[in-house]
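Listed below are the structures to be examined.
Common to both upcoming complexes is subunit A, partnered first by subunit B, then by subunit C.
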Partner chain A sequence: MCQVDEDYQEQLQQAEVPSVSKKCVKCKEAPAAVVIRAGDTFCRGCFKEYFIHKFRAMLGKNRVIFPGEKVLLAVSGGPSSCSMLSQVQEGLSQNAHKKLRFSPGIVFVDEGGAVGQSVEERQRTLAELQAVFKATGFPFHMVPLEQVLELPSSVLVTAPALSERPAGAYKAAVDRFIQSDSSSSVPPRQQEETSLPHVQESHRQLLQQLIGSAKTQTAREDLLNTLRQHLLVHTARTEGYSKLMLGDNCTRLAVKLLTSISLGRGAQLAQDTGFSDSRYGDTILVRPMRDYSAKEIAYYNRMFSVPSVFLPSLDTKTTDKSSIQRLTESFVTKLQADFPSTVSTIYRTSEKLQTACRSSSAADHWDRCLLCMCALDTAVEKASAFKATLISEQLSQTKSPGASSAELQRQNPAPVELESAAPSGDCCSSGGENCVKAASGGGCCSSAKVPETSDLKTLLCYSCKLTIKDMSSVERLPQYILSEAHRRQRRSQMREEISDFLLDDEDDGDQGD
Partner chain B sequence: MAAPIAIHLEFGGGAELLFNGVKEHHVTLPSQSEPWDVKQLLVWIQRNLLKERPELFVQGDSVRPGILVLINDADWELMGELDYQLQDQDNVVFISTLHGG
Partner chain C sequence: MPVLCSNCVDKRAVLKRPKTGHSLCKECFFWAFEEEVHQTIVAAQLFNPGEIVGIAASGGKDSTVLAHVMKLLNERYNYGLELMLLSVDEGISGYRDDSLETVKRNQQQYELPLKIVSYEELYGWTMDAIVKQVGLKNNCTFCGVFRRQALDRGAIMLKVDKICTGHNADDVAETVLMNVLRGDIARLRRCTAISTASEGEGVVPRCKPLKYAYEKEIVLYAYFKKLDYFSTECIYSPNAYRGHARTFLKDLESVRPSSIMDIIHSGENLSVREGVKMPVQGTCNRCGYISSQALCKSCVLLEGLNRGLPKLGIGKHHRLHGKILSQQPLTEKEERKLKSADF
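Right, the complex of A and B next:
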């Protein structure tokens, strides 16, 4: 079967080798400079046109970004996101054919602390990037990852979508926009001299401990992705941006698709790799670069001098087998070398994925995973593989005294309702109503002030559960995650208490925090 | 006997990490009886320039999958990949598209 090392050379016919004497397949005049896909040779000019056109077509085909909207570009400094930035600049420029019509901003998340860079190195990269961003004229925000320790827990709450726009509204909105201010252009705002953000030493250490508490490289990368996404969404929300553009290219998304399946995120594939991702409700994540292969982007950047800064990440210079993400990347790239349609096949498959519509209302918070904000996939029937893993886990764990029978009962959940394990939070602090529940569960008012690992697990989807399982202690998680977890557990307990009195599935008023 | 040829090498996309962070190298390949081709250039780079982790740059005879090679700003697939014969003042660029360096 298809093995990476297997040699097919003798059996296949020699594929026609493109050579430089070949002409561009499009204009048929200029000499070819790049080979795209299998055997399509383009000259410089045609390649540039093709590249620019693809970006516009991607945005135009998925009519998600409305004219005049504020869109935040998440730039990591890498080639894809810098290419995205230059495409947006290109699209907004006056002489563009069919110019783009939104107001962009830039955000950069400085992850140097998590990766182990020194302060001077971080300052240096920040200065380099600041120069690049200033040249574009768009407002930019440089945010250190350490800010994740200060996020409010509202980040983890799905806000309602800003406005439900019917399908026909896009064309009408475009026409209106063209009529109203076709003459005025948005002048590049002069960004005030912003000094580079300074990070407190204590925060830096906390972040390093947090990343360090994940025992496997896979968990570390997953955790970093989650934190980064939360920070990006928070920045978009506070600065008033309704859309967030991510620079994931086709190759990276193909790797991400296979990685997600390996990590147990199969239920969330459509949102993780699709063009638009609406899990946060008010801020929509958009991936306009998903049709570009890494090769096309690298060539374009090189040939047309798009500035980009290389930043080391968690898996720089690691071996092939250090993490699932790394292994999948190596697998896909090696396969692509021999079978050039690998990445595009995976991409076409991902385009066909759709999220199954859940019947639950959008405002139901505990329908969502605490960390990744996707719909929980753990409400399954009794005789499922998932239940089997829960039972075997339970049987192999040592029980804490006094909680054994209560816990065993609680681990038999009905299909729909969420269970919370023995409460160990501040159950007596908010009035007396929770103590009744707590007393029967044992372990009430224990000295532990933060949820234990087993408690968090009920709030997470399958793959986030695995990530948390790989962490040595959940206390290192940022405060916003722990307090939101706490809040959801309390509400879920309360729901159980008053479940007999509830009509339909509606919430009664919040009992207060 | 072929004369020694001067080549301008560039590394980008993270590949420079394997070469002490130096992105541009002007090198002169010593003269030898047959003309230099890219395959021999890779061996030469591995022996003389590569500071660490050779498996992150070369794989077998060729470059590791995921590393793009441009010869005089054109795709090396158009030039014959490993069999292209180097000429004096050629510009060879290696760009890594991978995360892992």
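Right, the complex of A and C next:
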């Protein structure tokens, strides 16, 4: 119904009621155990085969993971990521047909502090998960989200990609691997008895304040996602993993696509929902579960007893309209009930998108967003939605600063605007001529000055700008973000000063002459 | 303590802008609204001096405000345009005949020439007759396809150089969402363009000067300016698929008012992977209108209506184009599939 290239087959005319005595459509022998789509009934054995095959096919088709690589599995405890974990286990087991050939590790980010769980609850969940992870035999890392406060600012720097592999390299690498050590399997390493990580009370409070400084639920969820991703990438980098596997399933990704569009992330859609995401350069994010619908995963986990642990998140038990993410989720699931092809259509749309990346060189940081690390999409073109928004802001406010700015603050609690930012440079009043340019403050003078909201905005993409706009103050952001922001501002001011003398600066486009 | 307008800081504010949340007085709001449309027109270079521009007028709020603002800006900034009103009568009793009265009143108020084209004279079918044959589910497809061609034909009759329609920001955002939900990657790429391409015979370029104006602001403008418009929904609209996208958009707006502009921004910055199949523009073999298939959509729909096969045109029918063109009869199986209508 209502799809573009739709064909009305005969099946749609007669509604088939799946009966108990139906046979599996694949092997046509065993009785059916589960109905995947309308008319597709599978028996247990065929369903398991189908499920496992999809995982392999997804990895094999994309040829991104090379043999012998260390791959970090990001497990949140939910059904999709636990299913992914069990698939990897299945694929690495001795008797698997065409074994998988990489070395996995597991990482779990404990977000209990941001969600409001008590210490005892967090310890209990951690213990449960630790039991599950130990059973797999892979090395695992339990990382509390509070560690975000101690990250280095190198997280926000796109590292150069590891050696570029030419197209034919995959097949050659596989052949070599098979010949060299097909006999030896990877023995399950003994995880040293690590006690569950202890979180300092001060850090816990800082994290809660940070999350609390975002005024809307939408901004909170967005911020949490960003922090979690930074932490995951940092863990992968420090522990020596070159790939990070995320457990997003088809339903989740369809919701994510619509959410991203609603948040203004049209330029970054391909990276947010595609199979592989290379915005960090050296660590590639991979989504092998993107072909599975949530329904299939639920069936599989139930039928084959895959352990998973439920963890509350920011939007548990919230109303439909509490945040954009939550609203989109309820919209898609309701629509899916009436039009069963909604999720797969959205998924197919996401496959056809690509990133509009102007410069893929890793050397330059100022054309990447500070928070989400994607290429900036805020070039103010002559006729665009972004320009129209700026014009509207301008026209709705008086242009003269000074007396009216007090009124502005009184009746308009909206954050400081780009154009009408009152000069904040207390520090620059004594600084002399060099500080004239520093209307954005904090440039050449003190390094300890906290950037105003308006400063950060120039370093962010459109949707991260919206998130920061919803925050009451940016001081609570972790130190690594603030110091990286400073650094970029200093670099960009330096560049402006010498822009007339830079020759052939292809990274920045046309500069000066 | 009364809130002061945030622009002139002089008069009392009487409204809060849905778009930015600022409180403004009446005059400042009028000025901001008109100025934004002017900036849109100038930045996108929508018009050239000396052109004849047809304003697609339905009598609803968008086209009434559009006519008013276009006339105002044309005089204020000397665009040098000759404006005309163009209206389409779909033949929906109880809805369209009333709104056409509003258009006639507008014509007198703004002193602009008016031309009305009707489905009856162009195609031989009114929407009421179409719904009787097609049912209540897919009739918006017929109306939309026919209206597009009707506007073009009317424009050619009036000899206008450009058409401008009253599509507002909410419409464009809804279209982006709907195209994602339907998987229509070709339209997704084009739908945020402010004006259509202008090459080809029989095609009049059309543009949307109100593209960045929120629907709520249009209503506010019309209310405070005491503009006269017709405000009932089309009686056949409740079952349209677009309704789902619209409800979602309204909900989004209530969570975060800037969502509408955010969606348009997303739509403008999308890019499609190379190698994805896109339709190629050609002409219809029967009527000569632009089309990406052998037969244009309205010819196919008309054929279906005339033959009593209402489903022809809804769903895949490329294979049947050859048969229709060469006047071959359809097989019984094909006829059976195309006959059933949903009521």
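For the reader, a short list of remarks on this structure follows.
Convention: the second predicted complex is superposed on the first by the 427 of 513 C-alpha atoms of A that agree within 3 Å, B and C clash if a C-alpha of one lies under 4 Å from a C-alpha of the other, contacts with A are read in each partner's own complex, and residues count from 1 in each chain.
Here is the rule we go by: a contact is a pair of C-beta atoms (placed from the backbone, for glycine too) under 8 Å apart; a residue touches a chain by one contact, two chains touch by 3 or more.
Predicted model only: the values in this text are computed from it and were never measured.
Within the superposed three-chain model, A:Gly264 lies in touch with subunit C and out of touch with subunit B [touch as defined at top].
Of the two partner chains placed by superposition, A:Arg287 touches none, neither subunit B nor subunit C. Touch criterion met: A:Tyr462 reaches subunit C, while subunit B stays clear of it. For subunit A, the partner that touches more of its residues is C, with subunit B and subunit C as the two candidates. Legend: residue contacts after superposition of the two complexes on their common chain; A:Arg491 is shown touching neither subunit B nor subunit C. Of the two partner chains placed by the overlay, neither subunit B nor subunit C lies in contact with A:Arg122. Shared-chain residue A:Ala33: touches subunit B; no touch with subunit C.
Looking at the shared chain after the overlay, A:Arg302 reaches subunit B, while subunit C stays out of its contact range.
After overlaying the two complexes on the shared chain, residue contacts for A:Asp315 are found with subunit B alone; subunit C is out of touch.
Put simply, subunit A uses no single residue to touch subunit B in one complex and subunit C in the other. Those residues of subunit A whose C-beta lies close enough to touch subunit B in the complex are 17-20, 22, 32-35, 41, 79, 251, 294-295, 297-299, 302-303, 310, 312-313, 315-318, 326, 329-330, 333-334, 336-337.
Those residues of subunit B that touch subunit A in the complex are listed here as 12-14, 16-17, 53, 56, 65-66, 68, 70, 73-75, 77-80, 93, 95, 97-101. Subunit A makes touch with subunit C in their complex at residues 1-8, 13, 216, 218, 257-258, 260-267, 269-270, 320-324, 327-328, 331, 335, 342, 345-346, 348-349, 352-356, 377, 382-389, 391-393, 395-398, 404, 407-408, 411-412, 414, 462-463, 466.
For subunit C in complex with subunit A, the touching residues are 3-4, 6-9, 13, 17, 19-24, 28, 31-32, 35-36, 39-40, 43-44, 176-177, 180-185, 188, 194, 212, 241, 244, 248, 251-252, 254-256, 258-259, 261-274, 276, 311, 315-316, 337, 340.
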